[in-house]
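Shared between the two complexes below is subunit A, which pairs with subunit B and subunit C, respectively.
The block that comes next holds the complex of A and B.
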């Protein structure tokens, strides 16, 4: 028994071995990886060599001051639950991170990034604490409103608790938004106007003396809302902000010192020897360039520098700065989350890191246009009416041009390189980030080809995730016409829809950013093109009105209104609703509800449809008796996952397959005592989903496959309305020894190639699982073995060879996007999370491509040699025959 | 001179008994016939016998030719049995031979029966064709048992076109 089991494993590993692997010299040949640190939260320039940053992604990293490259990077726990709350850079880097009561205090070596020490503690109180780190003491402060604050101090290196938790009576703490820590002081204002009081107390002294000063006496009385804000990297400095004008206070044991400068609340201090410099950005500069003002704190000398920094997103704040003499280096963060290092007094930008790319929310691959030359050859065939002479002239002309291009050795085009290659492997990847910037990435190198910042917009929040739907309205195939892509977003303030149409190849906006006068509920790309090969975009507003953009697509929609259907799934209302457009007239489009599906108390957690461009090559599955089981390939099938709390089974996961046209529930299943994370992959006639089995405490993958039966009811066309009988489902479940963060099936041009499922694991690997391993065997499999049949093993192996990113871990993966190349065997993959990783996968190996070590020269030489040899021997033979005849 | 020489050269090896009357008279009158030599009647009857024997031989020969394919059947059956049903190079070559030989034979039908021309061999031809067809049938049977004949629906699966969809669907989870 054990022997057979082992044999099966060996067999499996053998199968894996023949399907993938990468040679050492192929590293970086088909793939690239861009490393990011995330949205910078804290940053300190620790010496003239590096800047230490802590980010929203719970990452601590060191960037080189010279070129901005990552010197080291440590990815900490899941950022959804844990955040870095304190970064202190001294001889070593100290961080406090965590959340929900569990806190980790860590010390890092600032030059290598290795962990020096670590300790953690747990607090019953889940409230977010305040932290002060001074003189080797870590102070943990929990304020209790209206009563007292609890102070616990620890030795930062080993976590020894010096004495017990102290309680200071602070009845003046009424609102946490009015309280801050500044250096070693805990400080509050009593009211948000000039009549209030400023309280502060030293957290490290044992005296616990509370100082009180009326705000009037500090900054004078004037009407306006007053806020307090601590100074980034400041000592015991504090801003009192009134009407966007900040005054700097230095808190001292006796009385606070008020500096007489009007500042912005985003000013930072930099130490220049024993002098302290204040730096701030000036927003309203006459030119559009960034201007930085420096103020010497003691003497009050002001300098204004104009920077050579052009970023339409604008600078959000100065994170950190360091000065040496007159030269300063300023680390700034922009509104698009990119970070830059600026130099004073020159005003140069040393480097910029596009950290926005660590928060990708939407990805789409776009085909590149033909090169100008290829396009001209294509145009030869455009004029159908051309007579023989003009066609001949065109041919000669384009051939001469081709020859000239070959002779001159260049493409003679402005966008060199951004043209379609033979195998369609070169694409442009359009990426939308959470900060509202769109990037065009070259798929060959990962270089940024273009970028565009959209002000005042944000993505939609769908099931707790940001989402920006991208629609390909026209591909680059129709050469003189530009490719067009539409992105839908919403206005940050009003929540109304924003439609941005652009050329994905150049990034140029087509028309203006269209601000729609309503909220967008859902949108769909029409399947039909108009006479300019443009696909219309159908948008449903919040009051269920239907609009079509551009308006030229309206006649097309009306023509095909009977075949276009629409559905919405409400995550709050928990109702699925189907619509048709049959009742539309030329005046108004009308979406008529046709079916509803009430999910009851269950929470909607995922809806998945098959990729619209997917093609299914094989229409059935061959059984052992050589009969065919036809697949139930329904392009309108929606896969829906819901999770419901249950008093007995804790949580119940339900999976539904619903026909989106008729609302017919084709298949449903329920799993008891399971939980999140749930991922769905829906492709061809099957569905794979992963869930956490709370009963056995493991991740499981379940698969469903739908078959029509041994005959096809209609072999030429598929209609959801023609239901003769329900499809036969086959199911199977597997234990998966990993935690999936994202799952997706590969996609190829014609669907001939096998399907693999790409699974991004929490360990940082992205692994490929062949569909053949997951295929439900059902009664057909067990009865009689098919050829190439893989026996069922409950626990799926994750062989190291199946990891497509070999040893390059990708932390915090948020999603995977695939696109077919024009080569049938190849599928392009972009994995996005904290990093971006791009590669190609070939699920059935490169069956349509010669190997790269194929010896063209040898073959050619052998062939030519043989031909030459055969001619020589022929001649020799004829000579010999002649000689013989003369004898 | 030259012609004379040529004639004498020819005469050197030819003996014309009709020209030399003297010799013939001597032959007939004086010398007895050699033993087992008969001058009367034998020639005609012998000629007739020779003629019937040849046609009989041709018939026999033609039937042999006609029956050859049928005689091959047991041998083919044995080869088929020995080749087995696995698909590999040798059984495939054997199946190829099983097919090729009768088909070639059918194409060369008239050539085969040319040696026995000018007599009617329709019966033999029919038998010959029948024998070859039996052999082709055997080859087909072999293909069938090897699973090489596209008789199952799965063999035509690759030619089944994807079905054209009648409806299109779009939408998703509501944005607000």
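The block that comes next holds the complex of A and C.
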């Protein structure tokens, strides 16, 4: 018995091995990975070779000046809690990062990126400190309003404190927005107009002398709002900005020196030998080319260069620049978060990195259109007139065309790459970034096919996550008609909805960007197509009016008005409300409330619905006694997770499965003493969710599977109104030895293939867990091992072979998106976070594909050999029979 | 959130007893109001009261007035035009606060069930009402069966209080026990299999014998034919 059990385990391991492993020569064959550094916060051109950047994603990296490639990259702690506050590039790279009182000071080797030294410290005071680095001393400054500033300096290499915290009396610090550090000086202005005073004091000198100058005496007494801003790369330099015109001040122990130039507050300095150059962008309209002005600080010689750089996202800011003689290299960052390296005096763009792609918020896969040749074959069958001559003509015509194409040896189409392949593996991936740029990526290579920038828009904040809903209104299947996709966003200022419709294949906008005159409460795609195969987009405004786009979809909607249901989930009111459209008339669409679910004080943390394109292949599962347990497959089921603070159990996670049509709570369960992060995956008749168990301090996965029982209530088609029986839930929980950042179930064309759960871990791996491992065993599972149930193990294994991204770690994963290929066995996966990783997974192996190393020659030779042999033996046999007959 | 209606027989509500995990027992009073004309601004009229005396046990007292003649006609008309019947339930909690819930069913289903309905009261883990849903427990279908109007007199409502179960937890105890048992079995040493060689491996031997018999049976014949 034990032997057989062991054998089973071996068999399991064996299964793992054959199902997931990737051979070394298959690396990069089905997958690609694009590496990014994130939204650049600080950047310094270090030498002629590289630029060191620190980003909002808490990443420090070095980019090659030659081609923009990442020379090295270090991903630090979680960017939601930790941020890089100081980047200093000298012989080594020094960073100060952290947050919430914990600070890490690190030194990095600038050529290799290896960590040289590190120390950290903890401050009781959670106030965000100011940092300066001067002469090997790291100075930590905490201002106390109206009283003093506390200055503590540390030896930057080892964190040795000089003994005490120095306090400088500064009763003139009243508002931190009016104060700055400029080199070693702490400086403030008393009021935001010309009548104010400028105070500054040297923080490192023991004299503690405070200098005071009236602003009038420095920059004159014109009216206007005055602000101060330090010069990023300058020592003791400070901008005094009035009406968007900045004046540069050099703070000195005696009196500040004021330079006579009118600058923009985004100017930077670059050192050219012993000269100091000021660089700023002057003319920067989106359509025109970027123009850069250089000013020699001492002599005042000005030069203007026109750059060969245009970006419709507008305003490119100089992050850092370095000059040698007349040649300068300028590192700029644009509004869409892309960074470029420009060269002076030629004005050429050396390279551009689309760093916006490190902040993907929405992803959708799109099928490509048929090639022209295939389309012409399809059109042959379009004409319904059964006229024999015209059909004959069509046939001959298209065959001649095919012949011509074959003879000329090329497809006549210009965009030759972007056509549908045989197995539907080649798709276009539309991604939306947080900065408002849309990209079309080729799924085969990851190359950017098109990109489009939308100005002044941002995503919606849904359950604490930035999201931009993408709706596939028409796929590329209906050949002469263009594919159409709609993206919904909101205006940055008014918060009103913005709808952008475009052709996902070419990225061309269809019509104008529609600025809707209301805020969007809920949006959904109608499941019904109009006569042009267009699915309407239903939008509910913040005052509960319903609109449908395009308006041509309205008759279709009215036809089905009594069977269209939707819901809204208010994160503030904590009420889920169901609606239908029964009372809609041709004049106006009306949403009528039909059900309510009141979550009370609980916080809604996740809502999940099954993917609309998902198909459930099998209706039930066959038990050992040959009876069938039917699945409860409700297409209208919503999975909801709420978290509530509780005096006894700290936090309670509740999971509800709610019917979206009637509002009936089909299943509910509560987990006590658990917390975030919570991820939900809802597919077929089951739900998987992960949570943190605060009691045992571990991550757990729980699964719920719903069965109708041995009889199926409505077998032909499902109706939520016919509640004949509540489903029987089966549940099971597992310990998960990892921290999930995102979870999703695989999706295939017909749903025959097994389901796997893709889990992105905090370690950078994306692992596949087969549903068979997670399936609740229930009462029938423990008894009947022969049904194919895997014995229950409380702690799920994470085998290294199940990692779909092998050794290519993906840090800070934000989400996973899947799409079915036209090949049943294959599911396409895009994992997005700081990096983009694309691959295919085959949960049931490639059962519908021949192996790559399948020997076509061998089988052909064997077949031919057999045929030849059979003919020869036939001849031989007849000869023998003849000879026998003659005997 | 949409689908085609295919209204099919409604047999019975699952009456599985839910393991009660309400920590504090309490009572809930539900005031039922219904709308017999389906418009976008429904007018709710009084239907009755439901008092759940104990949330833990789910015992409920239902008091509902019989429908008036005009209400019956309205309900029948609602059913005839395949409209929706709406129910507004206002919950008065033990502390006096009120929450109202909305629920909608197809009027024809209600009529054809002769006003036999089910009120599902869903509670969260602490025993707070989160949803009240009306469903119809009837064997009739919405096929337009004519129901005499005098049968639409009194609601017979069954109330089901549905608690939130405790979610699953990883079952480490049984697994450790199982491992323990296996270890013990190993320590005790495998029980010596006293069966004879033939008794143990008969399933492997028999096919071999059969194969041999078959081959020996066919061979002489084949040889004979060849001669």
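Everything below uses one rule, namely that the second predicted complex is superposed on the first by the 847 of 887 C-alpha atoms of A that agree within 3 Å, B and C clash if a C-alpha of one lies under 4 Å from a C-alpha of the other, contacts with A are read in each partner's own complex, and residues count from 1 in each chain.
Keep in mind that, in the parts below, contacts are C-beta pairs under 8 Å (C-beta built on N, C-alpha and C of every residue); 3 or more make two chains touch, one makes a residue touch a chain.
As the structure is a computational prediction, the values presented were derived from the model and not from experiment.
*Asks:* Examine A:734 and indicate which partner it touches, taking first as subunit B and second as subunit C; both and neither are also allowed.
*Replies:* In the superposed model, A:734 contacts subunit C only, not subunit B.
*Asks:* Could you tell me if A:565 is touching subunit B, subunit C, both of them or neither one (first, second, both, neither)?
*Replies:* both
*Asks:* Using the touch definition from the top, say if A:633 reaches subunit B (first), subunit C (second), both or neither.
*Replies:* first
*Asks:* Pick one for A:527: touches subunit B only (first), subunit C only (second), both, or neither.
*Replies:* In the superposition, A:527 touches subunit B and subunit C alike.
*Asks:* May I ask you to decide whether A:218 touches subunit B, subunit C, both, or neither, giving the answer as first, second, both or neither?
*Replies:* A:218: touches no partner chain.
*Asks:* Have a look at where A:22 lands relative to subunit B and subunit C in the superposition and call it first, second, both or neither.
*Replies:* In the superposed model, A:22 contacts neither subunit B nor subunit C.
*Asks:* Which partner does A:615 reach: the first (subunit B), the second (subunit C), both, or neither?
*Replies:* After superposing on A, A:615 lies in contact with subunit B but is clear of subunit C.
*Asks:* If we overlay the two complexes on their shared chain A, which of subunit B and subunit C does A:718 touch? Say first, second, both or neither.
*Replies:* both
*Asks:* Where does A:460 make contact in the superposed view: on subunit B (first), on subunit C (second), on both, or on neither?
*Replies:* It touches subunit B, and subunit C stays clear.
*Asks:* Going by the contact definition given at the top, which residues of subunit A touch subunit B in one complex and subunit C in the other?
*Replies:* 524, 526-527, 563-567, 609, 635-636, 638, 660-661, 714, 716-721
*Asks:* Can you check the complex and tell me which residues of subunit B touch subunit A?
*Replies:* Listed in rising order, the residues are 147, 152-155, 157-158, 160-176.
*Asks:* What residues of subunit A sit close enough to touch subunit C in their complex?
*Replies:* Of all residues in subunit A, those touching subunit C are 2, 524, 526-527, 560, 562-567, 578, 580, 582-583, 590, 592-600, 602, 609, 635-636, 638, 644, 646, 652-656, 658, 660-665, 668-672, 700, 702-703, 713-714, 716-726, 728, 731-735, 776, 792-795.
*Asks:* Show which residues of subunit C lie in contact with subunit A when the two form their complex.
*Replies:* 1-14, 16, 21, 38-40, 82-84, 86, 99-106, 109, 120, 122, 124-126, 128-131, 133, 135-136, 162-172, 175, 182, 185-186, 190
*Asks:* Which residues, counting only subunit A, touch subunit B once they are in their complex?
*Replies:* Touching subunit B from subunit A are residues 460-463, 467, 469, 488, 490, 495, 519-527, 538, 540, 542, 563-573, 604, 607, 609, 615-620, 622-623, 626-628, 633, 635-636, 638, 660-661, 710, 712, 714-721.
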